[in-house]
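Paired with chain B in one complex and with chain C in the other, chain A is shared by the two complexes that follow.
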Partner chain A sequence: MDFFRSIGISEPVFQFMLVNALLGLSVYLTLITGMFSLANAGFMAIGAFTGAILTQTFGLPLIVGLIGGMIAGGLVAIPVGLPVLRLRDIYLAIATIGFGEIVRIALLNVDQVASSIVGERVVITGGALGIKQIPKMAETWHLLLLLALAVYFIWRLQKSRFGRAMAAVRQDERAAANMGINVVYVKNIVFIFSAMLAAAAGVMSAHLTRIISPTDFGFNQAVDILAFAVLGGTSTAFGPIVGAFLLTALPEVLRFTNEYRGIINGAILLLVIIYLPGGLVNPEGWRRTWRRFRPAQGEASVNVG
Partner chain B sequence: MLRKTAALLGLSALLITPTLAFAQDDAPTMGSDIAEACPAPANISGAIPVGAIFTISGAASVYGGSQQAAVQLAVDQINDWGFLGDGNSINILFEDSASENEQAIAAMTKLVDEDQVVAVIGPTLSREAFSADPVAQDAGVVVLGVSNTANGITDMGDFVFRNSLPEASVIPGTVADSVSELGITSAGLLYGNDDDFTVSGYEVMLSELSDAGVSIVGEETFAAGDTDFNAQLTNLIGANPDAIFVSALAAEATPIIQQARSLGYTGPIVGGNGFNSPAVLSQTGEDSNGLIVGAAWNGSSTNPLSTAFVEAFSEATGNPPDQFAAQAYTGAWLIASAIRCADSTDRAAIRDSLASLPEIETPLGLFTFDEDRNPVHPSITQVAQDGVFLPLISEEEPAS
Partner chain C sequence: MNLTQQIVNAIWLGSVYSLFALGYALVFSVLGVLNLAHSAVFTWGAFIALTAVLSFSMPIPIAALIGMLGAGIISFLLEKIAFQPLRKRGAPRISQLISSIGAAIFLVALAERVFTTSVQRFPLGSIPDDPIPGLPFSVTPIQVIVLVAAIGLMLLLQALIQRTKLGMRMRAVAYNARTASLLGVNVSRIYGITFFLAGALAGAAGTLFGLAYNSMDPSMGEAIALKGLTVIVLGGLGNIKGAVLGGFIVAAIEVFSIAFLRSNFRDAIVYLLLFLILLVRPQGLIGQKEEVRA
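Here is the complex of A and B:
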């Protein structure tokens, strides 16, 4: 522990690494089903606000906030997923970015709308001010347990019949449908799982940072989450976890470089992307890089198997 | 000892003829009253670690850079003087929050646990403070916000201080001064509704205007990043108000002024801190005539410590300081003063010392903390005239 602290990974940093690992897994679920979704930041916001309202406004324990946030995320995912998941590739990405914006703007304005209906000033999400002084309820062991459960769940899911269907949908939707797989069902269920995982991460994150505002969950956050999976690789569930760990810990470990921090951080990430295009956790990519002088780009960049 | 005498001489010279004090090279005039009130520390020795967390990178990096330069300037002055006793110095440790709450927490944890600082200056943003200040509070370390203006910052605990006047403390003075000076009886309001700073500014404006008996003839909103305000301004101008009150950040300030003028509005525009920038004036040129801005500090201040600070900061960085620099500079001196008067590096002793500092002359004016560890010093209402800010009323009203 002392070693980690001495290189800059204190307990709060480790906690954010674990939260981000959950977010990485949530985007991993959609990616391995062939869905390029950027909705995770929006679901994270829904989880964070639901959880914070339950624990702070109603004084309920964290576990209620966590379950409440996950249910809220999952429920919102149903009406969103049904129309949106008909889109593919970049069109799905654009539609899910739109969803993230809708969540952000809804959270900004829900108080005004509620106030005008009730006729007096109502504070639910706090508008632009957000919710502050949230109790710091999340502990490291909560997060470790949550991450372990998520990994176990995903591991079992991928080994199941449903998991095979997910892989089939990723490889070819039409072929999967011809084999009798209900593509719409598979995609929507995975989307709901992914939303619930992102919402869980949102609840935990709110109870670590103690303040949330709608702008924390904008487009930048959506891209950050995607980066966890892209950098770590999507060959296995450990890819997004390693990616999240690295992206969260690296700026802290590099604090000793002072004003060069941003440059060195960026350079390291660039090297990873150039030499390990399939992500960090990708044996094939390492082998390829090991045999130097062979072009490292090319087919490996789409290696999401 | 020689330096101290020189400083005291500098102070007396400053009281008689301000110009004489400026002629002295690097004479630290700041802190002279504390030097008199508290003897040089005898029980501390060596380099005293003090942390500072600013947004050196990220979305709010425009503030952090100027804050860091100002704190560095203050620390250099303090150490050159030997303000904390001969051979003692402040070892200032800057940490970057990258404008992110998570990194602010990590930086605070590092400073408090690893570097064992006796006090922390910052973090820059109010939301970072809400995330990171509890870490310092739990560890019993003074944290002094130098740019946190949101409500409830010091409610986080008795180790949390700030020297930045909240908008809520500046705007009442601005509204009162402009209403009384210009005889305003009706007002239109324009504000950004998706930012905590602009929304809280609007709320204070609204209640102060209502209290002053000014009728609100129109309210319009915009979102951060908007560039076209013609629709909102047309509605407001159509209602024919005596003045338009605007709560906006610096990025929106310039186009709002320009578009209001090009729509033919010639009356006063009253703004909050977002308008308090030389850049807004230079970008808007003649259009900014009649712009009224309240601020905790402005470079036009004639306070001798303020003009000395402007000169020293410009010399050190090549740029004139903004309000954030003045507040950060004052903050570093406040921490040094608390350490000197505590004559201890004990974290709790420094807290008590900071809370009970005597009134101290600073670039922000005569400064003290109230019982809730919020700042008390005069705010200033200024009017833009031909590209410079001038005081709207010659005497400065104290704000709480």
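Here is the complex of A and C:
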């Protein structure tokens, strides 16, 4: 631990690495099913607010907040996913950006609307100020356990019949449908899983930062989550985890100030998508690069297709 | 709240939205990609113009032209750096969307370093912003200038696309890049020029927006980026006339929802509209039907 601390990875930093890994996995699920969704920040917000209200206002234990937040995320994902997932690539991206904005604005205004209906001042989400002094209940081992469970779940999911269906939908929706896969069902279930995972990450992050506001979960957060998966790659579930770890720890390790953060994050996203399309964790891609720089062995020169 | 006043506000705000969205639509129609860095170019255009005024004490019209030129060059470079390598590799459209997001973050962060994050203004008194007397509604000379400039640029673009050789080449590439290249059109150059034009329009929109509100900071592009998306979705992605129409519709919705509802619902209504249009008419209000669904 001392070594990590000496290079700048203190316990809070480590905790956020774990939370971000969960977020990376949530976007991984949709990506490996061929859905480019930027809705995860919105679901994270739903989880964070639901969880914080349950633990702070009602004084319930963290596990109830976690389950409640995940259920809330999953429930919202159903009516959103059904119409939206019929859209493809850029259209889906735009629709999910719109969803994120609607969640943010809804959280900002829920108190005002509720107050005007009830007739007296009601505080639910706290408007622009958000919720403060959330009990700091999340421990590192909670996060480690949660991440391990998520990895195990995804690993089993991908090995299952349903996981094969996800891969088929990604490869070619029409072919998948012709093979008897219910594409709409697969996409919606994955979208719900992804939303629940993002919501879980939201609950945990709320109980780490102890203060949340709707503006924390805007378009920038959605892009940060996407960047985890882009940097790490989506060949395996470890890609987004590595991506999340690196992007969270890098600013601390390199000790560059916040002012350069955007410049470096933007450049990383740009460079990775252009020069490293499979991301960092991409065994096949690295093997190919390795072969290209070692043409002496010869066997790789047969070019198929 | 008088109705004429709201209509006047909607028209001049709409002209800025339309001008901004034109660049989005132009790039989408010619290249088929969504350039989310367009709003960063908008910000840079505004700040280049501002710098020309503050540091080099140029007159505002010249500064606005420099802002457009600078924004055009940034947009041109953006195409070469963030889009061309992906296009040459035949990467999916989504990769180009992601690289444009990376470029947007980079450009906005760079603007924060170069121009600082504080709010900046054109010098007091340099902008004619006293309401014109003797009218039944309140409108300032700068608002009129913004409207005239925006509509002038839109007409200029329309003429360029419809009546010049260059415009014909652009339309040919938009229709089918491969065929156009076989017929001798330098497709790569057309892409560069398209991005330059789109950037110049964004720079003009940024400068006009900065002049009209006279309050600028590097995050000024954020709100208009998402509104611009609504505008082009409303008009149909890649539909130039649709973008102009969409700009005025979105501005009208915004202005009237502030006037008649709570102001915080302004954005919610705009995004709900975005959502609805995508679900009900993804090809846009006046667009042709394209296959966008599963």
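Quick note on the criterion: the second predicted complex is superposed on the first by the 267 of 305 C-alpha atoms of A that agree within 3 Å, B and C clash if a C-alpha of one lies under 4 Å from a C-alpha of the other, contacts with A are read in each partner's own complex, and residues count from 1 in each chain.
Simple rule for what comes next: contacts are C-beta pairs under 8 Å (C-beta built on N, C-alpha and C of every residue); 3 or more make two chains touch, one makes a residue touch a chain.
All values derive from a computational prediction rather than experimental measurement.
Engineer: Now for A:Leu108: first (chain B), second (chain C), both, or neither, which partner does it touch?
Structural biologist: Both: A:Leu108 reaches chain B and chain C.
Engineer: Just checking: does A:Arg261 make contact with chain B only, chain C only, both, or neither of them? Give me first, second, both or neither.
Structural biologist: Both chain B and chain C are touched by A:Arg261.
Engineer: With both structures fitted on chain A, tell me whether chain B or chain C touches more of chain A's residues.
Structural biologist: If we count touched residues of chain A for both partners, the winner is C.
Engineer: Kindly classify A:Ile211 by the partners it touches after superposition: chain B alone (first), chain C alone (second), both, or neither?
Structural biologist: first
Engineer: In the superposed arrangement, does A:Phe219 touch chain B (first), chain C (second), both or neither?
Structural biologist: second
Engineer: Using the touch definition from the top, say if A:Lys136 reaches chain B (first), chain C (second), both or neither.
Structural biologist: After superposing on A, A:Lys136 lies in contact with chain B but is clear of chain C.
Engineer: Looking at A:Glu11 after the superposition, I want to know if it touches chain B, chain C, both of them or none. Which is it: first, second, both, neither?
Structural biologist: A:Glu11 contacts chain B only, not chain C.
Engineer: So, A:Pro251: does it touch chain B (first), chain C (second), both, or neither?
Structural biologist: first
Engineer: Applying the document's definition of touch, where does A:Leu82 land relative to chain B and chain C: first, second, both, or neither?
Structural biologist: Neither partner.
Engineer: Once the two structures are superposed, pull the chain A residues common to the chain B and chain C interfaces.
Structural biologist: Residues 108-109, 112, 259, 261-262, which sit in both footprints.
Engineer: In the complex formed with chain C, which residues of chain A make contact?
Structural biologist: Spelled out, the residues of chain A in touch with chain C are 36, 83-91, 93-95, 97-99, 101-102, 105-106, 108-109, 112, 173, 183-184, 219, 223, 226, 230, 259-263, 265-271, 273-275, 277.
Engineer: Within the complex, which stretch of chain B touches chain A?
Structural biologist: 56-57, 94-96, 98, 101-103, 105-107, 109-110, 113-114, 127, 130-131, 134-135, 150, 152, 155-156, 193-196, 198-200
Engineer: Spell out the part of chain A that touches chain B in their complex, as residue ranges.
Structural biologist: Going by the criterion above, the answer is residues 5-6, 8, 10-13, 16, 108-109, 112, 127-130, 132-133, 136, 208-211, 213-216, 248, 251-252, 255, 258-259, 261-262.
Engineer: Quick one: which bits of chain C touch chain A in the complex? Just the residue numbers, please.
Structural biologist: Per the stated touch rule, the residues are 34, 81-82, 85-86, 89, 91-95, 97-99, 101-110, 112-113, 222, 226, 229-230, 233, 237, 262, 264-265, 267-268, 271-272, 274-275, 278-279, 282, 292-294.
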